[in-house]
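Below, chain A partners chain B and then partners chain C, in two separate complexes.
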Partner chain A sequence: MKKNGVKMIKINSKNVDVFYGKKQALFNINLDIEENQVTALIGPSGCGKSTFLRCLNRMNDVIDICRVKGQIIINDFDINDKSCDVVRLREKIGMVFQKPNPFPKTIYENISYGPTIHGMAQSKNEMDEIVENSLKKAALWEEVKDRLHEPGTGLSGGQQQRLCIARAISVKPEVILMDEPCSALDPIATAQIEELIDELKKDHTIIIVTHSMAQAARVSQNTGFFHLGELIEHGSTDKIFKNPENKRTQDYITGRFG
Partner chain B sequence: MNKNKEKLLNSRYRAEKRFQFYGKSAIFLALLFLTIFIFKIFSTGYTAFQKTWLIVPVTFDAETMYLDENPSKEDLEDADYFDLALQTMFNLDKSASEKQQNDLKRMVSYFFEREIKRELLNDPSLIGKTKDVYLTASDDLDQVFKGNYPRDLPEDQRRVTDYQLKIFDQLVEQGRVESKFNLSFFTYPDSREAELAGIASSFMGSIFSILVCLVIAFPVAVLAAIYLEEFAPKNRFTDFIEVNINNLAAVPSIVFGLLGLGILLAVFQLPRSTPLVGGITLSLMTLPTIIIACRASLKAVPPSIREAALAMGASKMQTTMHHTVPLSMPGTLSGTIIGLAQALGETAPLILIGMVAFVNTIPGSPLDPAASLPVQIYIWAESAERGFVEKVSACIMVLLGFLIIMNLFAQIIRHKFEKKWS
Partner chain C sequence: MNLVIFIFIVLLGFTSYYFGRKKAYSIQATNTRLTALPQFYGYYLAIWCAIPAFIIYSLWAIFEPSIVKLIILSDYSNQGHLDDELNLIYEKTKSLSRGQFSGEITTYLETSAEKYLNLRSIAQNSKVVLILAIIIASIVYGYKRISSNNRTREPVEKFLNAVLFTASLAAILTTIGIVFSLIFQTIDFFKVIPLFDFIFGTHWYPAKAFVRDASEPLDPSMYSDTFGAVPIFAGTFFIALIAMCVAIPIGLMSGIYLAEYASTKVRQYAKPLIEILAGIPTVVYGFFAALTVGPFLKDIGTAMGLEVSAESALAAGGVMGIMIIPFISSLSDDVITSVPQSLRDGSYAMGATKSETIKKVIFPAALPGIVGSILLGVSRAVGETMIVVMASGLAANLTFNPLESTSTITAQIVVILIGDQAFGDPKTQAAFALGMTLFLVTLSLNIFALRVVKKYREKYE
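Moving on to the complex of A and B:
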């Protein structure tokens, strides 16, 4: 979105290096993410795009041997700073994973979990509203409204992934990270999720890691191309796909490696 | 070339068939041993659930009991029934010599006095009347009646005299010998007399020990497992702890018994022979089993669930308590039950802490002296009387039944509450 012709930057990463033990996985990444836009991260397997995504909500903390250097600034605040509280951070930055991973609980409990732990609803009615709105936004409400108290794991793969998206948006995050959200889904479910992503960018900034270049071209406004742990090129999706500056980007996009 | 290929293919099929045959034979062999074992126990033990009674006419003569006229309830309570009981037995053969009278007395258990007293207390109007009373037969006659006792041995090698057999056969002919369900096997404590011995004290002892063991081992083990698996940093020190927990699970149980003896009894001066000490000792043994089961089921919770919770902004503690631990509970609980079942069958450590003592009272709390089922089996198996042979098998049956129920319960928990994730 452009405000007064100036693109608003939501996330600003400066000189980000990531190490797994002694092995360096990301080299000096500088990438700005625009607000209320979809940014796609593409690149061959093992290029570090998922690692970078997980830096943005500090999910790499879970991995003992992983170290992150550099600055990632969200809302003028460096999330790698010691004073940053990860619980608060992850409330603002939701995440959707490659494989649908609903909690083995009811559909309702799946959605209400986030608002409950963050104390977002004062009453049962308020919670019902949050659940309904989240499911509506994730285009799942019509399919599940009669069985909110059945297990979320009983849904189909595509429905489960939309449930996970509904769960992520239930706490009204500013940013949603998606790590190959469609790679385990069939083409119809994929199309539904892509439509949803387009809808969600009105309220959220979205960063999506994808293996499918067609998907990146369809859903994103900006694209970053990673290769061997480096950010080779980034810019508007149009430019990256039609007129890449770097030879490697061109080779990857035209399918010469990857 | 083609022929070679066919040969190779055929030999591969043959190898598979051979392997299947070996596997099937192994299963058959295992089942065979199990069947023999169970058949042996049942065929020896089932008679212990029957008890032989002699139905003897008792004349409740006030004079023999040294009672005044119109005795009160207390008088009946305090009266001397011994002479009456003796007289009752002597009446079976009025012409018996002194030695034979002694034999007559030994045809019933030494509870005969109490059994006659109970009859009168139930119905005080019996005074002056005659009534048939059920008296517990001595264990030797019990065995004779059940056909477990060789009657054709020479008399001097038998515990039953010819005279006793003669009187007994007369009673059988008159229909005065009856076999009924042996309730006292479940309600009486241990006794030196096989016909009066029951499992009540060892059964209660086992229950109390297991409860003490559960109350101590479960919380400690689950907390240790959760901390080690979810929170502890992975370094050399925690590796060292992990190795030692696994080693602890392999320590012979008698070592724990020595520990109980040396520390709980000698240092802390806890009461000897009690389920409290037994339970604490067993909990040391069960601890590593539960820790290992709990850690395994925590590990089995898919990391995607943890990531989902963490990404929602749940803290480590919330992730663990809201998601990981509930999902691991079925596995932990069934591991716990299996650990307890192991503890239930444990004998050696209990012997060392004194639960092998002869206890002829039923414990009312974990602080009362008691035996336990496996130790009871051990005590009875050491006894020479023929009456104890069937009791050993019967006690094994009770213990096995207990274990089967516990394991069944573990299976049900596992199947019913285990959540399936996509």
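Moving on to the complex of A and C:
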């Protein structure tokens, strides 16, 4: 989105380094993420794109040996600062994982999980509304409205992933991080998710890590190319795919390595 | 001599392995492709060498004594002895032949003893000869059959299959045997004591059965009010309950701590340390309960003005609970650790804290496994004997006061079977009835636990 012709920057990362123990996984990443756009992060396996994604909601905290340096500024606030409340941060920044990971609970409970822990609903009716809206936004409502109280693990893979998206958007996050959300899905389910991503960008800023360059080209407006822990090139998807500046980028998107 | 034969067969088996393999190698050396790896030919020959010999050997061991006995006693067959007398004569003959007989030696006996020794040496020699012949024949046969187009892998695999099958069969047959001996004795017991009295009677006093004069005929009416098992059933479940009240919270919380909170280093040391608890013999727990915890509780109770028996259900149950902690903590730790990381990630990514994640996602997901571990703990508690015998006394009081002494099924079995006892006596058979009851209870608990665990497994597969 442009406001007065100026692109709004939602996330601004400055000199981000990440270490796993002694091994450095990311080197000096400077990347701006535009608001209400889809940004794709591409690159060969092990290039650090998922690591970078996990920096944005501090999921790397879960890994004992992982250290993050540098600044990641979201809404004028450095999330790596000590004063940052991780619970609030993750309420603002949702995440969808590579493999669908619904909780072994009912569909309803899967969605109501986030709103419950953040105290977002005052009554049962309010919660019902949140669940319904989230499922509708995730294009899953029609398929599951009659079996909300059946286990979420009983759904098909594509449905499970949309359930996870519904779970993520139930707390109305500003940003949604997606870590290869379609890699475990078939082409039809993938197309549904991609359609959904396009829809979601109206209300959310989306960052998607993907192995499929075709997918990056289809869903994203901006693209960043990672290689060996460095951000090689970033810019509008059009430019990256049609006219990359860096030779490595060109080699990768034309399939010469990766 | 038997040991020598045995070792000889084993050694020959090993040797023929090498010969079989060697022949296979030599066939291979002529650029012929074998149907199996050379060691299979070795195993094949070793099996041919050892198995027929062992079969003959064991058949001989089974039948030799009875055949010898038949031949010896055939001399006495026309003298009109009773079976018991014949057995006695045979035993006398045997001890005389060993030179250990101290009674009156008759000519009859002397002849028999000589004949016995003679027969034994014939049997021994013919056994050696027969086994040697069998071994040679089967090795030659097996060796001849080793050729490039003879399959050896299948027979060897079949043999292994048979060995493994026999091993599991042995375990199963033992179980069946034990269960049947329990069943028959229990049935005998209930022929004298009505089932109703046993299950609903509130007075357990098996010592009363001692009073009976063995020469008098058995009169069931004198046992009324002797074998009422309610006090000991109640005591069993009461003590198990106390134990679980100690074991479940502590075990579960330490399991959760180890799985979710402890750093790798703490876990590395803490887990084995907790598991050491499981390695302490229960008799050690028993005297810990009887000599340390019991008197300690009594002192505290006296200071608080309470009447505490030195042998109390609380002491036994509490120490039993400590004994069960490692089962619950270790098993629930494993179960919690096996909850997929993706569920934790999903919960953290929603902004849940660690304790919320554990409470709302991990615990429910791991619950069936945790229930399984608790049930295994319960069946340990119900079956535990030593601690109760030592710390809670042997008097079967019907009480629910944890400060008083009470007794359990297992402890009563010990009471009944210590010292002299007569088979066929209701007092002895009462032990079988109690054992049967205990077996049924723990069996159903185990089946239930396995069901729950199985249900859990299906969840992530």
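In this text, the second predicted complex is superposed on the first by the 258 of 258 C-alpha atoms of A that agree within 3 Å, B and C clash if a C-alpha of one lies under 4 Å from a C-alpha of the other, contacts with A are read in each partner's own complex, and residues count from 1 in each chain.
Note that a contact is a pair of C-beta atoms (placed from the backbone, for glycine too) under 8 Å apart; a residue touches a chain by one contact, two chains touch by 3 or more.
Here the structure is a predicted model, which is why all the values come from computation and not from measurement.
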item: When chain B and chain C are modelled together on chain A, clash or fit; value: clash
item: Chain B versus chain C as contact partner of A:Pro181, first or second or both or neither; value: neither
item: Partner chain in contact with A:Val87 - chain B first, chain C second, else both or neither; value: both
item: Touched partner set for A:Val62, first chain B, second chain C, both or neither; value: both
item: Which of chain B and chain C A:Gly48 touches, first, second, both or neither; value: neither
item: Partner chain in contact with A:Gly158 - chain B first, chain C second, else both or neither; value: neither
item: Contacts on chain A seen with chain B and repeated with chain C across the two complexes; value: 57, 59, 62, 64, 87-91, 94-95, 97, 99, 101-104, 113-114, 117-118, 153, 164, 167-168, 171
item: Chain C contact footprint on chain A (complex, rising order); value: 57, 59, 62, 64, 86-91, 94-95, 97, 99, 101-105, 113-114, 117-118, 153, 164, 167-168, 171
item: Chain A partner contacts - residues on chain C that touch it in the complex; value: 263-264, 340, 342-353, 356, 360-361, 364-365, 459
item: Residues on chain B engaged by chain A in the complex (per definition of touch); value: 233-234, 302, 304-315, 318, 322-323, 327, 419-422
item: Chain B-touching residues of chain A, taken from the complex the two chains share; value: 57, 59, 62, 64, 87-91, 94-95, 97, 99-104, 113-114, 117-118, 153, 157, 160, 164, 167-168, 171
